[in-house]
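Pasting a structure below so you can have a look.
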């Protein structure tokens, strides 16, 4: 049966656009939820995320506290909601930094001459060779811990990966038939770059970016574990996760829910990224 | 050997109605009630336009139509075994053993990551439980059989390291590995240059001589006429005509068959449309002829004006590439000239430097030596900035039209962009005019090239090249990706445009028929040099160089039973 | 002629590697020195010890920490050039010895994790490409979730399940192989999720290629198609990623070694940064960079072996 | 003090000889096993297994003999004679004698040794004179009532002179002492192996049994992650862990399968010092307002699961001279607000943060992630929340160790928590004497409250030289009243020092000196 399946795929090819899948729809719904949690968290919250109540610490999930309470008696659900903005901001801006730097490096390598390509290649290798965590440690001890530095650290350590992909795209697009055709038509370098090379080389970036956001959130949470992430008491998923880890055997809810948010966000961004990629692929 | 190796009655294949929840469309029948019989030691050819269901039929014979495919047949006997309700296991016993299949896309039908020895050895390993060593030894024998150069070395190569012809032969070798009584070859010669094509057809012939039944699939009647005993003509999934080759090709009864035959350019003289035979497209005297007459007349005067400069001229061009450790001399000391309103055809085997010349002409590459002149003025030596304003004087049409379109742009945008490049008004009217010129419906402007047929795409590419009202058109294999009938339409279009606008054309193809049909003068290339150059008719009828002669000899020609011309 | 080209390539490669090492050392040196905090404190016992001003001055003089940064930098380069990584501030022992003692543990961990991640990823990819729609969706879910698991959290859960609840495996590293299971899994699972996603895409891609139909036409089985054809294609990008993966795993080792109390470079690095133990930080970073460079060369070779097209392309 | 909190499920049987104990330490791994070098608590923990001191303390805090059998001070308090046991050799065979003591003191005072804790403790010792083989005479520059207490500390333990002579690098790897165990091997970041000293027959006067230890040896492991450490103990991979976290203590107590040792460290309590050297805490009203506003009792209960008792003293509860005054620390938000209004911090922004002349009422609070356990960090967050109600903007800054020191050096803090372990009330002098404020931009200073009060300085100096116990006690009480009354510090609880061990392990106790565990009398029951 699967043989047939295989050959069928071979015949059909991949160009047929697929209708949106259930997964994509669910992902979009979750994105909407995240958006509300980011812009207007109070609409979703059931309590003040910062209000402490030591006497009500470590309460398991209940009707009053959907996700239970943490070690200071704060409502975990409201904190998770509150943390959305910070966590996503870290994810989004870290990805933005990584992409921006990746664009710069990849652009220089992909569009500059051979020498520039070689030099940037080495620079990239240096960034790659630097253990990401060390980069993060150094940046954080340099500028102090906090979401901003965690963001920069994560952004920097993802940059070489992006740079590599962008360079590859640029090289492919640069030598493509349509770029050549544009040259034959007599278009100038700048126009070809602006109209053809950049838009086509950068189209996959949207997909990459969506995939990067989730990974960046995970990365930032690892920094929080090492005590280098967000500043207390601001709730951030990674920080909540690492704080709750201490109590994993006694209060599972402290880790499960922020962890779930991280996983869901990553999955969501990946699913959306895939959907975008599929659409882009179909268009090509 | 009484029973035929392949007997099919009422074969139908439908797609789409596969019960998948989404896409619950009605089933589309792409093969409808096909009957087929292949006797041992004979060759049956299925011909038909692109999309007529040839490949689907072939794959259905080995149970490879796909799980989405609904296959029905009153009779389906492959290698003497009834396969109507075969399980996957049973099918596997047929594949490779009872029937060998050579897929249509030879260039990508070998796993690029495995050596061809492994690929050829696979059936032996799977069906005969041969050891790797034994399979490899047999693979070498098979490679010898198919005439692969240096089989002992090639056996450890991977498809990426082989030329198209070598890949095709390796693929045939793998189909022949178990010496199956039935060999199905789906378009085994497309995209091959004529020499290789001849050798591949020879292989099929040998297989048939050894007693195998051969089912050949092609849209190229010239190829079919060469080896098939019987021809089956498919149209939209149904058999419209069937019979002995000579009969079908000599006296086609069905219009589809006739159209197929007429589309073969070889037999059609220069200046006669391939699709509209009744009306020769060059009814009026060509512009250039007129000019020539005029100039001839003026020679009677006292001061002969200097002969008009050729539209495109190459003088002593050389170009080499550093490849790995060595240097490839892609073009060596080549000179040519293309007059206004005339076509220079460039032929030659694969890798002989044709494309390189096109790139030099388009100033996409700079020659190492020599010069390209456009309308008598320097072209290649100019800095790109100075060339840019004159770029609209020379247009280009490539083999891969699709790849030459920005994948993000609609047809309209592509054409507008070309108008802008030529400093013309990029209005909707201008776009419509361009589309009209190439006979593409104007509503295509809003569409993406993906939503167009191959022939339409090629027309858009031509329209784009025309946007700047060029004097010169460089066409590099503009029709080799198209099937015969579509090819015919595109060639007619080019002809018409040349007539209307006095275009000079540098026309590149490895297909002698096409070249002959299109060219006024012909240059034959080999290893970067022009070995013969002259008037088209002269070159084809009285080749001087052995390379040319060999090309003409190997080139398949439509042979008819009575040898008479096929058009009214 | 071909030999000289090969030599040139090797030379270029070596020069590139040296450049990478130099740049890494330089960056680390200045970064660590820019960081607030005082190596003299580390030298004087770090946590909890109360060093006097005199002692600090003394130490700064002893270690040349009072010299201008440029001088310290050149001195370090000189030392490195002669192959001397210097002495640890905090441990007072040669950095080379220190790293030599830790390298094996981390490499074992990282390489094992890489292998396990590969095996898991291949298994997942094989399974998900042969499963039906639902199976495929499940596999995709597993991959995505695995890739989204932070190491520290996964480690904790693994300990809670396999050590505390089930008592199957030791929660901290010990001399037995069983002590390696949880740390390796912790590192391998997220990577496997990542690799599996990549491999599955590639496999599906390969399964749609005409050569797949061609192999089927020869009588190849579905399993054979996956194992002999699709897997190779899937392996390519994954192999190429392995250089990056080693870096990722070593970063992850910082967390994993801490949680599972394994000796190793990750922990050494973490501690050395905390203490501003500059020679150790530079030493570890250099070694990691070296491992990375070696790994890229290796993956390069492997992918060339898998796919000769790469070499061809390079020549073109 | 040593109080087994959970009852041992089995009755203690007869001691069993043999077996290797696995100890899991959550404290940082020492960079040098010789506690003379540097001198921190992780070193003290392990050094107690192979080094011994001249004197020790008993459970009631009395000084008792150890390597020194008796000691006498001159009337002016400037010379001390210590009589040593004459039957003791170091494990390398070097005899213990007055010369050895002299070498040790000189080693500690030698700048090249890079000693800090031990060096400070011997600040008043000028030199040691070898009176005879068994009598060592200490010459002091000033009377030191804390000398004996200082000498009980592991940081001032006596090592083999031959061992010291090997040089720092070697001595760091395996210092040689007279203790019950010998350092066999140190695998960095993994463990230190200790083997039994078969010839051992010393020990402090209150030791439970004579002769060599029961255990064959100790594997001293470093497991920094508290959850892993506890899991390892539960899984039986290790026999005893230190730095047990409050929730696991609670869990262990409930399950009753593990035994707890609660041994608060001596010296200072865990407290938050308020930097009185700069605004806003240079104003006593603001300090008091902060202390009144910060509500910690409920938090301590919840976060520490009843394992930590609220302290109202800057000294550890194990210090007999600790002075406690609960009334000063009653939480009172109204009072806090009134005080701040009075002090001129009247403007409040949208978040309720007060400011004065446009300067917000910011309290920078660097937190060492190495030194403060998660529960404590959470407590700080609660303080942050409650202090905010009074209008304080507490900015918690989690920092790694070097960064944390850096923040202190540059005075970039208004509040900080920095425990200090030392035997005896003389710790007050180190923490609150104005000499401990170093104006230099670098260099450690212990007076983090930056308390600069001549009256207090005089009291502390006098107490340090006062040999009469009652007079000394009175002086320290006065000093503590000044510190507490001036609201320089917010005491939280004793320095937590909980051990958890399996019931198999018996006969273990925490030394009454700096509360490190000793395994000289411990055995592993089957």
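A few points about this structure:
In order of appearance the chains are A, B, C and D, and numbering begins at 1 in each one.
Note that in this section a contact is a pair of C-beta atoms (placed from the backbone, for glycine too) under 8 Å apart; a residue touches a chain by one contact, two chains touch by 3 or more.
On a predicted model such as this, the values are computed, not experimentally measured, just so you know.
With A-C and A-B as the two chain pairs, more C-beta contacts join A-C. Centre-to-centre separation between subunit A and subunit C, using Cα means, comes to 21 Å. Subunit A and subunit B have Cα centroids lying 46 Å from one another. Per-chain CA centroids place subunit B at a distance of 50 Å from subunit C. Look at where the CA atoms of subunit A average out and do the same for subunit D: the two points lie 45 Å apart. Looking at subunit D, residues 227, 400, 402-403 sit in touch with two or more other chains. The multi-chain contact residues of subunit B, meaning those touching 2 or more other chains, are 59, 64, 88. Looking at subunit C, one finds that residues 35-37, 156, 160, 164, 209-210, 213, 216, 221-222, 273 touch two or more other chains. Counting only pairs that meet the touch rule, the chains in contact are A-B, A-C, A-D, B-C, C-D. Remark: subunit D residues 226-227, 230, 245, 247-248, 250-251, 298-299, 301-303, 369, 374-375, 377-378, 380-382, 384-386, 395-400, 402-403 touch subunit A in the complex. Within the complex formed with subunit A, the residues of subunit B that make contact are 22-23, 56, 59, 63-69, 88, 91, 362, 364, 387-392, 394-396, 398, 400, 403-408, 417-418, 421-422, 448, 450, 464, 467-468.
Interface of subunit A with subunit D (complex): residues 50-52, 54-55, 57-58, 71-73, 141, 144-145, 227-228, 231-233, 243, 245-251.
Against subunit C, the residues of subunit A that register as touching in their complex are 2-3, 6-7, 9-11, 13-14, 23, 121-123, 125-126, 128-134, 137-138, 141-142, 161, 214-215, 218, 221-222, 225-226, 238, 241-242, 245, 248-249, 255, 259, 262-263, 265-267, 270-271.
On subunit A, the positions that touch subunit B within their shared complex are 1, 3-5, 7-12, 15, 19, 176-178, 180-188, 195-196, 199-200, 203, 283-284.
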